[in-house]
Amino acid sequence: MVSDEIVYHGKIKVPYEWSVGEYGSRFFYELKENRKIWATRCSRCKKVFIPPRKSCPNCFVHIGEWLEVGPGGNLITFTIVRYSAQTHITSAPFAMGIVQLDGSDTGLVHLIGGVDIEEIRSGMRVKPVFKEERKGNLLDILYFTPLEVTP
Amino acid sequence: MGQRVAIVGTGQTHHRSSRKDVNGVELIQEATSRALEDAGLRREDIDAVVIGNMDHFEGINYVDMWSIDGNGGLHKPVMKVTTGGTTGTTVAIAGYYHVASGLFDTVLAIGWEKNSESDTTAAIITCADPYWERPTFGGAVAGLATAACEYMHRYGITERDAALVAVRDRKNAIKNPYAHLRKQITVEEVLGSPILAYPIKLLDICPRTDGACAVIFASEDKAKKIADKPAWVHQVSSRHNYTFLTDIERSGRMPTLYEACMEVYKNAGIRDPLHELDVIEMYTPSSFAGLVWIDALGVCDEGEAVKLVSDGATEMGGELPINPSGGVISTNCIGATGLIRVAEAAMQVSGRAGEHQIEGAKLALATGFGGCSWSDVLLIGSAKPN
Amino acid sequence: MERVAIIGIGQTKYEREKRGETFADLVFEVVTKALNDAKIGIEDIDNVVTVSNDFWDGRTISSMAVTEACGSYGKNVSTVEGDGTFGAFYGLMRILSGSFRSTLVVSHCKGSEGSNHLITNAIFNPIYERAIGLDSISSSALQARRYMEKYGITEEQCALASVKNHKNAKDNPFSQIAMDICVEDVMNSKALSDPIKLLDSSPISDGACAIILADERMAKRVTTRPVWVKGVSHSADAYNLGDRDLAEPDALIRAAQKVYDMAGIQEPLREIDVAEIYDAFSYQELLWSEGLGFCERGKGGRLIESGKTTKEGMLPINPSGGVLSAHPVLVAGLARIAEITIQLRGEGNGRQVDGAKIGLAHGINGACGQAHCVWILES
Amino acid sequence: MLTISSEIELPYNYSLGKYGGRLVTELKHNSRIVGIKCPECGHVYVPPRRVCGKCFIEMDEFVEVSNSGILQSFTVVYFTFLDPETGKKRPVPYGYGRIKLDGANSDFLCFLEESDFEKLKIGVRVEAVYNENRVGSFKDIKYFKKVEGSDPS
């Protein structure tokens, strides 16, 4: 091998444990224990945030009000992922999208499943399908699925 | 060309070893909102935001983008700067240039760290060359230990001499409500603490801290309206000369820090820093560094730092107090650490440092250290610069 | 704003893999080129801003690897982590402060060294988004569909950007992927993440770029072909993808408005002679064109169909081939500035836009153009 | 309070380039350490690299430096930490130090045979010990060991 072509195959393997925080913990607790999705609402601009914010990014005031949103929502956009990557938790092709839950002003990125992926359309009404065994993280929702699948 | 710049508000979290009650963005928001409150400003008064950290410390890419909800930068210009341990001072210097340029009048600078979320040494090792240095390099503790070993040899200083720095800083921290470690220690306790990497022992080295700091920089016109006693930024400088850890010259005063200090003094017309400066907030990651690097500040002859420290000149009430806040040995939320030096220096010259106030402080120096000898220096004063 | 000029530029050729060269080697190449271009020596540079990213470089404080090669020894130096347009912005501010006469800004990246999927996955919220497996391609696909469906933009219209830019790249000696393709080629290329296909996407690239900024006095002294900064602005949008309507480039609209105010531009389509914009995916050229006010909202497809953005058109966009033809992350925005500099000096050879006097360079940060930086330059 | 855990493992193909590559090749085939000399200031850098930062000049003169040199500083690491290369704890204690090889101006960072700090002294002469089987790696040098009879100079 020519010396200038030497490549060192190294890696960076550092563990992380990200704090979810008080608000995020409550959000995940509700997913896990009650299969419910909770959001917070800014007292000033009235915007409803999911995932819940502890302070409003715009008004910069503390947020104290919690409310349940969903479970139904609209599919704002989606994609069918057809390539493989280490970051994927399911094998391609699979669908992911942004779901705006009823009562929320922001969307949530999640997998779209339980449907023929070629049938997925933006604007579809969707609902969460919860896993049986839940651990207190976003993947306690298995995916969002269309409320009524058209045959 | 250029406009004068002052610090008009500072905010810190209460620094702790672990802040599991908040995620990183919420931690940042705490510091940001406190700085705004301190300055009597609202988010909409801020023209731009500068933030920094080290990506592999928390495993987050594009932290400037990730932290938008908490950094106050939604719908505003947000920039990320990063230089390792120096990041906090680098953020401050960038905040200064944002305003000095005349393009912005009120700028928020933010540093933060959640050391509890990762293995700090593992992350720090990745700052070394992947091939030539990482296999041996043992992170900041070991890196500072090799330097300390050499200082002991070169200047004949002892572990006991170095311990004085840790004892001083930890004593000062008791009066700082935001400091992480606020318990008095003794020289004997330092010497008897577990050895981490010879000659550095547990109580010689900075802790791992979760915390954030925010500082608001403003133009002259704004500063006059915002603050009764603005802390004026007189000079800033930075140096970084090396690629490999072992390129750092062993002889002489710590070269990058010395160069940066000399540039600042020259431009500010300071001839006798020992007497002209009133207080220094110095980035002292280890007790040995806190001793030997004083030489590089030009406040004593080379090798004479021990005398300054042992004579009490650097204590509260001494001739030139160093680290009234308790310094890095008491609080080390790495990405924020340098910015805390700047915030504390500003609080001192504004007479707003509370219980750890140095009476009559008018001119303060803040320093930052990072990577293989990255050095930042800021000179901050109560009087408007020329 | 005081007058500041770009007085020197340097680029590497952009390639899929520069296996034989380190970051420092690339940086030295472009810094040397920029100094030679400006006909000055390193001693004429009084401060340096490097641009790099620790994830892409696989190194904390990644700028340390290029300290010697960027010529910052003994000088004031700092590092911006973000697109090169942001690094250049910092370099500009340092001159405007009156503290410096000349800033060298240099950016490097080797996309070949790391894992694109893992590194861009790490851009997303570790608590709420990362586990879904998002990366630069899938997130952009979510944006592309939202944009296309909201405004009736077609895949064929997006494909036109790929066709145009890859053709333009044939005249750019620095570009990585230059070819004659047609819309059908793009449409038939491998589907990656609907509606994004292989030929809608930018490649993985290695390369570096440097520019030298100088105050008016120095610029007039050292060069006869300064390119002046007329305005620059940047702005950031919300982070969580679900917080934004991805069809609306709000941050870009704000940055563009500000920069047009600074430069006194009222009708960008007519007044700007050439634009280099950050088209990481084909749809982005259309969407960013709208955000930059080159056309009305939702008319990005019609704009490209009209031919106004070809090299011979009213406002040529990406005569260099754009980011679709070479995408060294962080470098790409700085390369846009370098390319506009080339255009405004009239040194573009085959890719030269006739009579270009006012140019626009654009860079982005974060996912789906969360932040944008826009420069207006003038010969 | 909940946390989200992740063990990101990021692979990298770090190019060693012409200059680093030359040193690796010399280590592997010839048990030699090479540096590079600045044509301007004459400083010899180890490991070799393209640019002398001080002079901002391209270097191309590779020079062989000695396998032995003087220990300039050292530490012995006792605390445990994760090695980012493996994700596992790095074995401790271990000693390493800065060595100024004869013929070089910058120091070289390497493992030391000795891991008892009481027995290490700045100024002693140390020499490289190579592994039997060399693979073309920094780790082809097993460690530096003290040259018998060497006292701090």
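Note that the chains take the letters A, B, C and D in the order they are written out, and that residue 1 is the start of every chain.
By definition in this document, a residue touches a chain if its C-beta (ideal position, glycine included) is under 8 Å from a C-beta of that chain, and two chains touch if they have at least 3 such contacts.
As the structure is a computational prediction, the values presented were derived from the model and not from experiment.
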item: Set of chains adjacent to chain B and to chain D; value: A, C
item: Centroid-based (C-alpha) most distant chain relative to chain B; value: A
item: Most contacted chain pair (by C-beta pair count); value: B-C
item: Where chain B and chain C are represented by their mean Cα positions, the distance between them in whole Å; value: 34
item: Geometric centre distance via CA averages, chain D-chain A, whole Å; value: 46
item: Where chain C and chain D are represented by their mean Cα positions, the distance between them in whole Å; value: 38
item: Two or more partner chains touched - positions in chain C; value: 19-21, 24, 55, 58, 67-68, 72-74, 115, 118-119, 122, 126-127, 130-131, 238
item: For chain A, residues that touch 2 or more chains besides their own; value: 2, 4-5, 7-8, 10, 12, 14-22, 24, 57, 137
item: Chain D, residues touching no fewer than two other chains; value: 1, 3-4, 6, 8, 10-18, 20, 49, 53-54, 82, 84-85
item: Chain-level touch network, classified as line, ring, star, complete or other; value: complete
item: Chain C - residues contacting chain B, complex; value: 1-2, 24, 53-55, 58-61, 63-68, 72-82, 86, 89-90, 92-94, 96-99, 119-120, 122-123, 125-127, 215, 233-239, 250-251, 254, 365-367, 370-371
item: Chain C-facing residues of chain B, complex; value: 1-2, 23, 52, 54-57, 59-62, 64-69, 73-84, 90, 93-94, 96-98, 100-103, 123-124, 126-127, 129-130, 237-243, 259, 263, 370-372, 374
item: Chain D residues within the chain A interface of the complex; value: 1-18, 20-22, 24-25, 82, 84-87, 136
item: List of chain A residues in touch with chain B within their complex; value: 8, 10, 12, 14-24, 53-55, 57-60
item: Chain C partner contacts - residues on chain A that touch it in the complex; value: 2, 4-5, 7, 10, 12, 16, 18, 20, 24, 49-51, 57, 76-83, 85-90, 96-100, 106-111, 122, 137-139
